[in-house]
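Right after this note come the structures.
Shared between the two complexes below is chain A, which has chain B as its partner in the first and chain C in the second.
And then the complex of A and B:
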């Protein structure tokens, strides 16, 4: 195993540039949170591959680039980003290189949208301080996470969604993060509060206008109150030169349900940490993921589903399609804490290698401290199944057509779980184009 | 049905095949003419499913001897997909599931591939939808099965219906039905076999591979062949199947050995 060291000092200093220029918040607790994060970021190191959590993901190339704070506000027009916008979503927040772009956004109107709040954090922070305070920075801890600490150090703006009590929000909410600047470092932040009995669908979408190297370091926090339902679709279609690091922390109250599909297509190196905590009885989550990568891409997904209370249900299906000399990593921890009886959990990691140089490292990890639980997990790594190919050939399909169809199907099974038709269709096309061989 | 002057579709001579170096087929002879229904019966491990897979071109089986012609052409000169396009069809004993591909998409892909081969027009999704719905009525299939993944979560009976639906769409010259009756309840068996009967005509032929005589109450064979240890050891009419049902497979072997010893 190659061990790489990253000189923490220079790199973090670069990333922390510009932080002191942030305006201070009218809220003392928020200023304090930020100050704590700055302190913490100063003491943490960029994880080397010696760190078990980063064993397969060498992020030293990140340190070789000199990242700049985001420059002047971009002059993008709606037409420039239109192609990324699912027609089903009327409410949209657009961030350009991490900076809120009010001209391109259509926030919610609380009066006509049944009290739904979808707006940028900085403009809403005072009005909704009571709702925000118990959640912002409370779910995504940064004590031992340098990237979450950095993001929190920069916490000034971001996306805020509050689905009010018992509101069933019909149309999906689109959060679009557009990268335009070379060597820019941005720190997107999202907070979604689903009040009790509410239901909301959110698309968190990272796109690039051109193939440039930049770094996105995102943190998303999602809090579901009793009986709330959140459908979270995450699409990472960053530039294949970019670095994408993201932490998402989800907390589920009693009988709430979190459903997510995350799709990783872009980035030179990406790392997605998803932590889902079933913090009260009867919570449920379905967490699915697809990484579709090629060339020299690396896509690393670390998930932790934490069953802290009884009668929790979790379902997870993670798939990777790896072509070229790309490398996919999946580490899926299922934690069942003492007392979390009657937990019902299943996890599968299935991986398809399309090239002899492609590589997958998958590590399902079950840590069970309760005795009355049902936990199933499995992992497979392989090529296409010979019987499946024969079946299709026996129906007249050529070898290549059969292989293309099966590869597509492998990815489409996850994409199919996306509830927004136009986005699903778009991503299916992407899978089709990227897996098709002649 | 046996017709006078019908055309020979399949001619199997001394066919031998191995899987993982073990010989399973040890010299099979069989002639199938258009219009005919043949039943190949035998115990588990007799080689009857291997025979079906060898004809369809599965690459796990190695042909080590003999010849097979299909409508006069060397079958082994064709890839599995070419055999399918030439009009050979295998209804699988265990059809595979392909989650992520809508059944309608798969059916249309297969249909259009074979249509193109025959120099006929391909159908676009809307045209195909109408066409396939009509065919589904034959098998009393719910149109919902079009929108689901290929065989995904289908029951045993639903998978078999989907196989016969493919047969209805592809209109093969020769259909080999591998244990199509296994796992079917009486209602499903009636529906599936009724579908097969309606597809049988004087220009095509059917080979039924089955363990049980029960299937032959629904699809009447012109010939019944008994396969044991990789050979067809006895051929008769429909009555042979009834004998097998009453007396089991053992007596055929005994009779054969007696004949050989005499």
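And then the complex of A and C:
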């Protein structure tokens, strides 16, 4: 085939190359899932901006690069990644360009860690097959999502966390995804199963060692059983040349609680889809997000909080700090299905524009089909308040210092909700540094 | 005041009411010949025929919009007859012949006795008063130089004005239904306010007396020149029946420097029966261009009728310091569907817009607010405040909010808030405790909920709209 024949359709084919070389799994259902995803990816297209879901995010630059499957060579040492690791997290899985790096990882020891399973998927898939089967690929649907389909097609390895019944795991689990290769396409996969009454904190962390163009296409599935608690912290500090596409699907059982903070700092174009389904009575979620972008970055967050059953509670706060000619997109949907009475839901989208060329498109969205509910949402777009700047100046701060302090305070509200002290501190430093660059 | 103009406004029934027996209905279907026929029947100048044909060509290339949150069977555009000469309605000889259901509605709404007959279509010559009142109004308008007539009349008498402004705000290819309207519109209203003229009365007052038959594809064009101002009310609180299921109107407003246009709508078209059978499809494009500095375009709407409502009265804030407003109450009951909201496009400096939208859904209905606030890079210091509240009555209905906020200027401030509530047991209990029955209590709560919008309506309509809402929601609570 000549080069000029490469169109959007065959672009997907190039992304799928290498897929047939994946070793087949001992589990028939997993092979079937993968085959279904390959079929599905073959029929889907890279979404154009005509697609309402992608209206503000033009990912055509992605199709212009020739991405290769990952070449599995890595000579990284622990010292290379140490700076990304919060000291609180003793249990750690490291993936280099999407490939599990056992030398850098410290999986859990089931005997000493309350039976907590933290390991790579392929090595545990046989031992935990019965636990995995009802969840893997069941929450993150790929019927109309080309990127989830691609990820599932490449589903071979990934991170697996199983918090056993009534285990309250105190120490956070760190999942570190390091990008090292130029023009490589990686498909990280995480599965977190929180059994009934368990509690666990997980940090999903995407970092880059160099400023290169690559594509990360991640899928995370989180299933909470009755009364489980999950604290999910997601940090995306990819290279500002990279493309980061991620789908996260969360399913909540009765009286479970999901709490998430996602921070997007990197990537040329990033897109994070978070779908939280409150599938049983009394489930609760708190979803917070911060995008801090500048230059020509684009950060797009699409969330859907689906209240399917009564007595659900959800709270969401999403903030964007947009500098340079960057572009922030937020689409937050709150759905209250028929019969989901006594739902209490609130959502806010707040955006700070720091530069004349910065741009924000936000769309908080309510779809309500039950009458006895409390739902509210709000959105603001604005800039730093002149009176607040004046007040700080009257206290002896320079104009720049006052602006930086106010910008920092705007973002710190979200970062404050991160429960891991060292990570919180590091991110606060990052926000401060970012504001100081101006 | 020119004699021609005076003559013109004093001849209310000249057009449309002459009998053209030989061919007053065009054959069903839409093609270029139909459009040429419409144009010829109306004796239109060549440029207008071109305008129509251009719209038709665009329409052929377009697809019916799929994005609104409404469902309905596919419309067969070839099964519609696009032209019929307006006929005088069959007049009834006395109030006794009027449908008792309609009379009950009038009673509920508190429509004044002398107007009931006129609204029900009883021959108006028995009500001497209204006719003379209408004539007096026409004279008053003509005296100050306001042109106020049907759009077909305006095409004949003021072709330059119509040519200049028709399609200036809503281009022929703007959207599917606007293109269709541009191709086949048969009549509508034209209103022109010359420089410095403040309209001496609410144009609503005029309409209440002269309830005209509006066509299926209505076209309205209102132009306010520098420093002019007008308040216009379309529609009527009384329920309106029509045999045409599809209504696709286009309304264009143009406000020049310091001009002020206030456009109010009360829509109560037939909504179908309680099982969702029948009812009007109301697919309307309304847009106001605040072209001049300090100009103001204000929309107020009370949407209670139609099986499906699909309309977004919008403001293009082009002039510096121009102001756009949108106040809306949309009520849906039974199987009604409403997808309505507004667009505020800020282009000029220091432009300001306010959106207040109240949606009430009951029964099995679905009520969506869809709004756009766009701040262009040129709109320095732009300001928007939006508030969208929904109220649900019953657990079978839906309320949706889709606000799009697009900001490309860092000195702009945009705020949006939305909430959802219901009529609580405790609220009803409190009323009951004070000796107020359920029905009245609901009506009072709803009125409190919609107060911000009703305040914007001309006085007498505010009173009727209040009652209309209570009437619409009768029996849906408790």
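Convention: the second predicted complex is superposed on the first by the 429 of 438 C-alpha atoms of A that agree within 3 Å, B and C clash if a C-alpha of one lies under 4 Å from a C-alpha of the other, contacts with A are read in each partner's own complex, and residues count from 1 in each chain.
Everything that follows uses one rule, which is that contacts are C-beta pairs under 8 Å (C-beta built on N, C-alpha and C of every residue); 3 or more make two chains touch, one makes a residue touch a chain.
Please read these numbers as outputs of a predicted model, since none were measured by experiment.
**Student:** Touch check for A:399: first (chain B), second (chain C), both, or neither?
**Tutor:** first
**Student:** Once chain A of both complexes is superposed, is A:354 in touch with chain B (first), chain C (second), both, or neither?
**Tutor:** Only chain C is touched by A:354; chain B is not.
**Student:** Counting only touches as set out at the top, which of chain B and chain C does A:391 meet: first, second, both, neither?
**Tutor:** first
**Student:** Given the touch rule stated above, what does A:409 touch, chain B (first), chain C (second), both, or neither?
**Tutor:** In the superposition, A:409 touches chain B alone.
**Student:** Is the number of chain A residues in contact higher for chain B or for chain C?
**Tutor:** Between chain B and chain C, C touches the greater number of residues in chain A.
**Student:** Contact residues on chain B for chain A in the complex?
**Tutor:** 56-60, 79-81, 83-85, 89-90, 92, 95-96, 98-101, 106, 109-110, 113-114, 117, 149, 166, 170
**Student:** Can you check the complex and tell me which residues of chain C touch chain A?
**Tutor:** Residues of chain C touching chain A: 67, 375, 377, 390, 392-422.
**Student:** Note which residues of chain A are touching chain C in the complex, please.
**Tutor:** 52, 56, 338-339, 341, 351, 353-356, 358-383
**Student:** Across the complex, what residues on chain A touch chain B?
**Tutor:** 385-388, 390-399, 401-402, 405-406, 408-413, 415-416
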